[in-house]
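Heads up, the next two complexes both have subunit A, just with different partners, subunit B and then subunit C.
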Partner chain A sequence: MSGRTGALGDAWARLPKRVRALALPVTVLLLVVLYPNYYQDVFNALGGGVTGQLAPTVPTMVVMCVYVIMALGLNVVVGYAGLLDLGYVAFYAAGAYIAGWFATLQFAPHKVHFLSVGVLPVLPGLHVNVWLLLIVGAVFATILGIIIGLPTLRLRGDYLAIVTLGFGEIIPQAVNNGDDWFGHNVTNGPNGLTPIDSLGFGVTIHKTFSFLPSSYRLEINSADYYYWTGVALVLFTLFCCIRLRDSRLGRAWVAIREDEIAAAAMGVPLMRTKTWAYAIGAFFGGAAGCFYAIFKSSTFPQDFSLNISIAVLCMVILGGMGNVWGVCLGGAVLAYLNYQGLEAVGNNLNHYAGTNLNIPQYTFGIFGIIIVAMMLIRPQGLIPTARRKIELEAGVEGGSLYDAAA
Partner chain B sequence: MSDNGAALLEVEDVHTFYGTIEAVKGISITVHEGEVVTLIGANGAGKSTTLRSIQGINRPKTGRIVFKGQDIVGRRPHEIVKMGISQSPEGRRLFSRMSVRENLEMGAFQRSDKAGIQQDIDRVYELFPRLQERRMQKAGTLSGGEQQMCAIGRALMARPKLLMLDEPSLGLAPILVERIFEIVREINHQGTAILLVEQNALIALAVAKRGYVLETGRVVLHDTAQALRQNEQVRKAYLGEV
Partner chain C sequence: MTAESGTARRPMLAALPRFSQQINRVLTWVVVGLFVVWVVGNFINAPKQFVSVFLLGVTLGSIYALVALGYTLVYGIIELINFAHGDVFMWGSMIAVTVSAHWLGLDGSQGWYVTAPLIFVTLLACIAFCGTLNVAIERLAYRPLRNAPKLAPLITAIGMSFILQNAGALVYGFIEQPVPDIFPTKPLFRIGGIAYTQKSLLIVLITIPVLLALVYLVRSTRQGKAMRAVAQDMDASRMMGIDVDRTIAFTFALGGALAGAAGLLFVMYQTSTRYDLGFQLGLFAFTAAVLGGIGNLTGAAFGALLIGLIQAFNEGLSWHTPGSSWTQSVIFSILILVLVFRPQGLLGEAVSDRA
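Coming up: the complex of A and B.
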C-alpha cells in the first residue's frame, strides 16, 4: 500500500492501474500546455511587480523549449553514446541559417515562393514554407553532422572533444565572414539575416479552422502560439529519444560508451553507430536552431558562441546524463536562469536589499558554481539514469575508453 | 599438417604493430574445424595481439588471415563476427552496467533471429546455471568466476564457428579453472572450434589438441599437445618443472 490514508487514498487505490500511471504525466502535460492561460495568475500570485518577474514569461518559456530540444539532442551524443561534443552550436547555427536563407529577403531580387504562409506574394527573396524549413534545417544539420562526424569520430575521448570544439568555432567564424564568400554575400556577415518569416498556417487553413492563425505574427498573443509549437516539438523530440534509447541502436550506444573495444568485438559497427548518434544529435540541434531563428525572426553570428555549446552541455550534466526527464529539467532550469531567472533575482535583490548588482553579468560564473556544486553534492545529476547511478556509486571494473591501445 | 577436416582458420606470417612497436613478428597458426588449439607463452609474447589481429581490432601490417577460405585482413570487427569468429577478450571486458542477460544479448548483436537468440541464451544458462541465477544482476557486480562465465557465454551468443578465449583462467580459484575448462571442452564437443590463449600451460595442454608456444612475438614451438607436454623445454619454462 502507498503512504496515503483516508477516503481519498482508498479511492485512489481503487482506480485502475492505467489511470494511476497516466495521472502524473497527463497533469504535468496539462500544466505545461495551459501555461500561457494562467501565467498572469502566477505573476499575480508572486505579488506582481518586481517579485512577479520571477515567473517565467511566455517568450522565456519558448526559449526554454528551444534549449530543452537542444539538450535532448546533445544527450543522444553525450549521454547515450558517450561522445563528448563541445561544438554542438554548429548544428544550431546550421538550422538557424536555413531559416535565414529560405525565409528572408536575403536573396532578393530573386523571388521564389514555395507554399509560403503568411508572406505577402509581392515580397522578393526566397520564401519557403516555414514548417518545411524546420525539417530542412534539421536535415541540413544532420548532413553537416555526418560530414563533420565521419573524419572526427575515429578519435577518442579528449581528442574528439578538442576537434568538435574547433568545428564549433569554425562555423560561426565562417558565417561571420560569409558576407563575402568568393564575392557573394551569403550570410550577410555580422549584420545577420532578418526579418525571417513567421510560422503560421496560411489563409486557407485559417478560414476552415479559425483557431489556427494564418500567421503567428499577426496575433496579439503570438508568443503563445510559438510556445505551443515549441511544446509540440519538445514532445516529438522526447518521443524519438525514448524510442531510440530502447532500440537496438540505443543498446549499441550504451555498449560503446562502456567499452568500445568490447563493443567492436561483439559485432557493433563502431563508425556507423557513432555517426548515427552524432547525426541524430545534429538533427535536433538543427531543428531547435531553425525554430529559434523563426521565433525571434533573425539570426546573427554572435548567437552561436562557444557559450551555447557549454551551456547545453551543462544542461545535460545538471539534469543527469542519459536520462531524458533529467535533461528536460536541466535544460528548462538553466535556460530559465539564463534568460530571465538571474536577472529577476538580481532585480529583487537590488529592490529589497538595496544592493546595486548586475547579476546577469555573472551568469556563467553562477553556472560554473552550480556545476561544481552539483559535482560535489549530486554528481549523477538531478534525475540520473539507473546505469550511471551504479557507475558512480559502485565504481566500474575493467576497461574504460582510454586504456585501449588500438 | 593435421588430420580432421579442412583448415578453418589459417594465419600466415602476420606482423602486427602498436605504433612502431612490433608485437607480433610473423606468426603462422592453423585451426581446423572442430579443433581446440592453444597459444601458450609468457606475458608480452603476442598472444592477445594475435587474437586481436584475427578479430580485426588491430590490423596486421603484413600477412594473411584466411577464415573459411576468405582473406579477412582489413575487414572490420563486426564483419568478422558475422562471419563466425567471436572472442572472450583479455580482461573479460563485460559491459559492467548492463545486466547479465543484456550482456548475453549484446553478444548476439549481429543476429536478428529472435527465437534462435533466446534458444542460445537458454543454452548458455544450461552451461552456466550461475548466470541464470544472476541474470538480472549488473555484470560489474559479479564475482571474477561469474564474470568469466558471462564473458564466455557472451562470446558464444554470436554462434561462432571459431571461439577465441583469452586467458579464461586468469585470476580464478583452481576449482573454478577446472570447471571453466570442463565447459570449454563441452562447447568444443558441441562442434565449435576453439583458439585458446593461456598462461596456464598445464591446463591448456590438457584440453587442447595442438599447441603453439609463443615467445616475443614469434612461434618458437608447434606440436601436438601431448608432445608439448613431454617437451623438455616446455616443461621447464611453462609447466614449472626444474
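Coming up: the complex of A and C.
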C-alpha cells in the first residue's frame, strides 16, 4: 500500500491504521462473495460466446473453493510442518465416501433418517443431515489421518512421501474394489455412490427463510448457495490456518521443518506435533471431499487418482509453501485451469487460430511443467513467506535464520 | 529416529506402542512366515499351475530388476527417489516399438539371423536414447537443485514424471501402442496347460548377464569406485579429485540405459505399451528396490524377483489370493510394511539416517 501519492494518497494515509489494514481483505471478500451477482457481467465483458468461456462459472467457483480448502489443508502438512504427503487424496476420498454412505440409497433395505433436509421421508437408505456429515466426514478423515500417520510419521522426508503415495494408491483401489469386500457391497465399486442428498437449498430454504428475495429461493440457483457455503468454508479454513500458524503448535511445526533434531532437543515432541499436522491437514481434506461430493451429488473411485494429490501439491508449490494467501491464489488459479480455464483457452485457440488442440488432455503435463519451473526458477512460490524466502536465499550453509515477520 | 528417544514425555497421540527392535524382528518373521505358508499352500493346491506361474514371475521379476536397479543406483548416489525413472522406462518401450516395428520393419516373420541383429540394434537405440534422456533430466532438473532442501528435487522429479508421461502421450497418443511378436514365441515346454515360451526364457537370459556386468562395473572398475565414493561422501570425493558431476551423470546414464533395455524387453514380452504405464511399473520397481534394501544392487535384483513372483502368484493362483484387481494394493502394502518395519530392506544394513 506504500507509494501512493496525491490528495487521494494523503486521505488514505490519514485513515486509521485499522481501516487501512482491513481495506484490501474486505474489498477482496466483497468481490468474491458477490461473484454470482456479477458473473453475467464478466461473461459479457469478455465478449460472451467463446471468449466468455474464460469467465469462471459459478460451479467452477465452487470447485475452486473445494480445491482452495484442500490446498490450505495440505499446506499445513507440507508448508508448515515440511512433511511431503503424496497421498492427500485419501482424506478427500474419506470425506466424500462419508457423504456417499450416509446420504444416499446405498444401504437401501435399511431406512434411517436423521435431521435430513430436502429428502423425501419415504426414501430408503441412510439419510443423515448433510451439514452434519460435513463435520463427520472431516472427523473421519482426521481419524484416518491419525491412523495412517502414527506408524508412518516416524519416517523422514522422501520415505514418508513414498509411504503416503502408497496409501494414496491403495485407498482408491480398495474403494474401486469395494463392491465386493468379503461379499459385501460397501462402496458400489466403479459405479460410485449417487445421488447424494443436496444441502437442502431451494425448497427447504424457501420454507425456513421466507424473508429472502424470491430469486434466492429457487433450486435453480443452488450453485450460488453452494458457492457461498464454499466461501464460508474457505474463510473458516483460512481462519484456522492463520491461527494455527501463529500458535505454539505452528511454531513447533516450523521448528520441525527447519531441523528435526534441533527441535527435538528443544523439547518439541516430534510425533505429537507431526501427527497434529497430519490430522489437521486430513480434517480439511475430508471436509473438502465431503462438500465436493455433496455438490456433485456423487462420488466415484476415479475421482481419487494420484493426479489429484499431485494437483493439490502443485497448488501449494505454485502459491508458496507455508503462505496461506499464496496457497489460496495457487489453489484458485490451478483449480480454475483444471476445470475450465485450459478447456476455454483451447476452445479459443481452436476457434480463432484454427488449431485442433485438446488442451485439457495435457493438463497434468502442464502441471508438471509448472512444478518443475517453479522449483527451478522461483522455489519460494508466487507469494512466499518471509521466512521461506530467507531460507532459500541463504541456502544450506547460510547463517542463523530470523523470521522477519515475527 | 535417534532424535526421538530424547523426548521425555510420551505424548498422548503417540500412545501407539513404539516398535522396538524385538517386536520388529518378531513381526518381520511372522510376515515372512505367513508369506511362506501362502506360497506353500498354493503349491500344494495346484503344483503344476504353481510352477508355470512361478516361471512367469521370474520373467516379470527380471524386467522389474532392470528398472529397480536404475532407482537403486540413483538413490544410492544422491538419495533422490527419481520418480521420472518409470517414465524413462516407458519412453524406452516406445522407442523400442518405433525402431523395431516402424523403422526396421520387424514383424516376427523374418528368420532369427535377421531378427537377432536387428533386435540388438533396437536395444542399442533404446539404451542410447534412455541414457541420454536420463542424463538430460539430471542436468536440467536435478543438478540445479543439488544444494536445495531435500524435498525440492523430489517434487521436481514428480513434475518431470508428469512431463515425460504427457510428452509420451503427445507423441504416441493416448492409445495402446501395439507391436508384433518379434521374439520367438515357440513354447519350450508346457506345464499345467500353460506354455513356457522361448521369449520368456530369452528375457531372463538377457537380464542375467546385464546384472552381472553391472555388479562388476560398480564393484571392480575405477568408475564404479568413483560412484561408491560419491555415494559415501560427495564433498570428500570432490577433494580427492573425483569429478562428482560427471560421476552422477554417469550413474544417471547407466540407470537410463537399464531402463531402456527393460523397455525393450517389456514391449517384446507384453507386445504393447502405453503412455501411462511407466509410473505404476516404476513404483512397483521402486518397491522392489526398497524391499531389497535401497542402494543395494543385489538387493534390488532380489527384491524385483520377489515382487515379480508376488504379482504373478497374486494374479495367477487361486488359494487365498486377492486377485489381479488388488495387485497394486498388495504391492504398495508390502512397500509400506517394509518402510515402516524394516526400512533398511531385506538385504540392507541398518542405516538409521535414511528413514
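Some notes on this structure:
In this text, the second predicted complex is superposed on the first by the 376 of 406 C-alpha atoms of A that agree within 3 Å, B and C clash if a C-alpha of one lies under 4 Å from a C-alpha of the other, contacts with A are read in each partner's own complex, and residues count from 1 in each chain.
Criterion: contacts are C-beta pairs under 8 Å (C-beta built on N, C-alpha and C of every residue); 3 or more make two chains touch, one makes a residue touch a chain.
Worth saying up front: this structure is predicted, and the values here are computed from it rather than measured.
In the superposition on chain A, contact is made by A:V254 with subunit B only, not with subunit C. Using the contact criterion defined above for the overlaid structures, shared-chain residue A:G183 touches neither subunit B nor subunit C, since it reaches no partner. When the two complexes are overlaid on their common chain A, residue A:G6 makes contact with neither subunit B nor subunit C.
Within the superposed three-chain arrangement, the count of touched residues of subunit A is higher for C, of the candidates subunit B and subunit C. Of the two partner chains, neither subunit B nor subunit C is touched by A:P121. Judged by the touch definition given at the top, the superposed model places A:P16 against neither subunit B nor subunit C.
By the touch criterion stated above, A:A264 is placed in contact with subunit B and with subunit C alike. Looking at the shared chain after the overlay, A:P109 reaches neither subunit B nor subunit C.
Contact with subunit C, but none with subunit B, is seen for A:I162 once the two complexes are overlaid on the shared chain. Contacts of subunit A with subunit B, set against its contacts with subunit C after fitting on chain A, overlap at residues 261, 264-265, 267, 269-270, 391, 396.
By the touch rule above, subunit B contacts subunit A in their complex via residues 18, 52, 55, 57-58, 76-78, 81-82, 86-87, 89, 91-98, 102, 105-107, 109-110, 138, 140-141, 154, 158.
By the touch criterion given at the top, residues 82, 84, 86, 146, 150-152, 154-159, 161-163, 165-167, 169-170, 173-174, 176-177, 260-261, 264-265, 267, 269-272, 275-276, 279, 306, 310, 313-314, 317, 361-362, 364-372, 375-376, 379, 391-392, 395-396 of subunit A touch subunit C in their complex.
Of all residues in subunit A, those touching subunit B in their complex are 248, 251-252, 254-255, 258-259, 261-270, 387-388, 390-391, 394, 396-399, 405-406. Subunit C meets subunit A in the complex at residues 1, 3-4, 6-9, 11-14, 16, 79-81, 141, 144-145, 147-156, 158-163, 165-167, 169-170, 174, 279, 283, 286, 290, 325-326, 328-329, 332-333, 335-336, 339-340, 343, 354-355.
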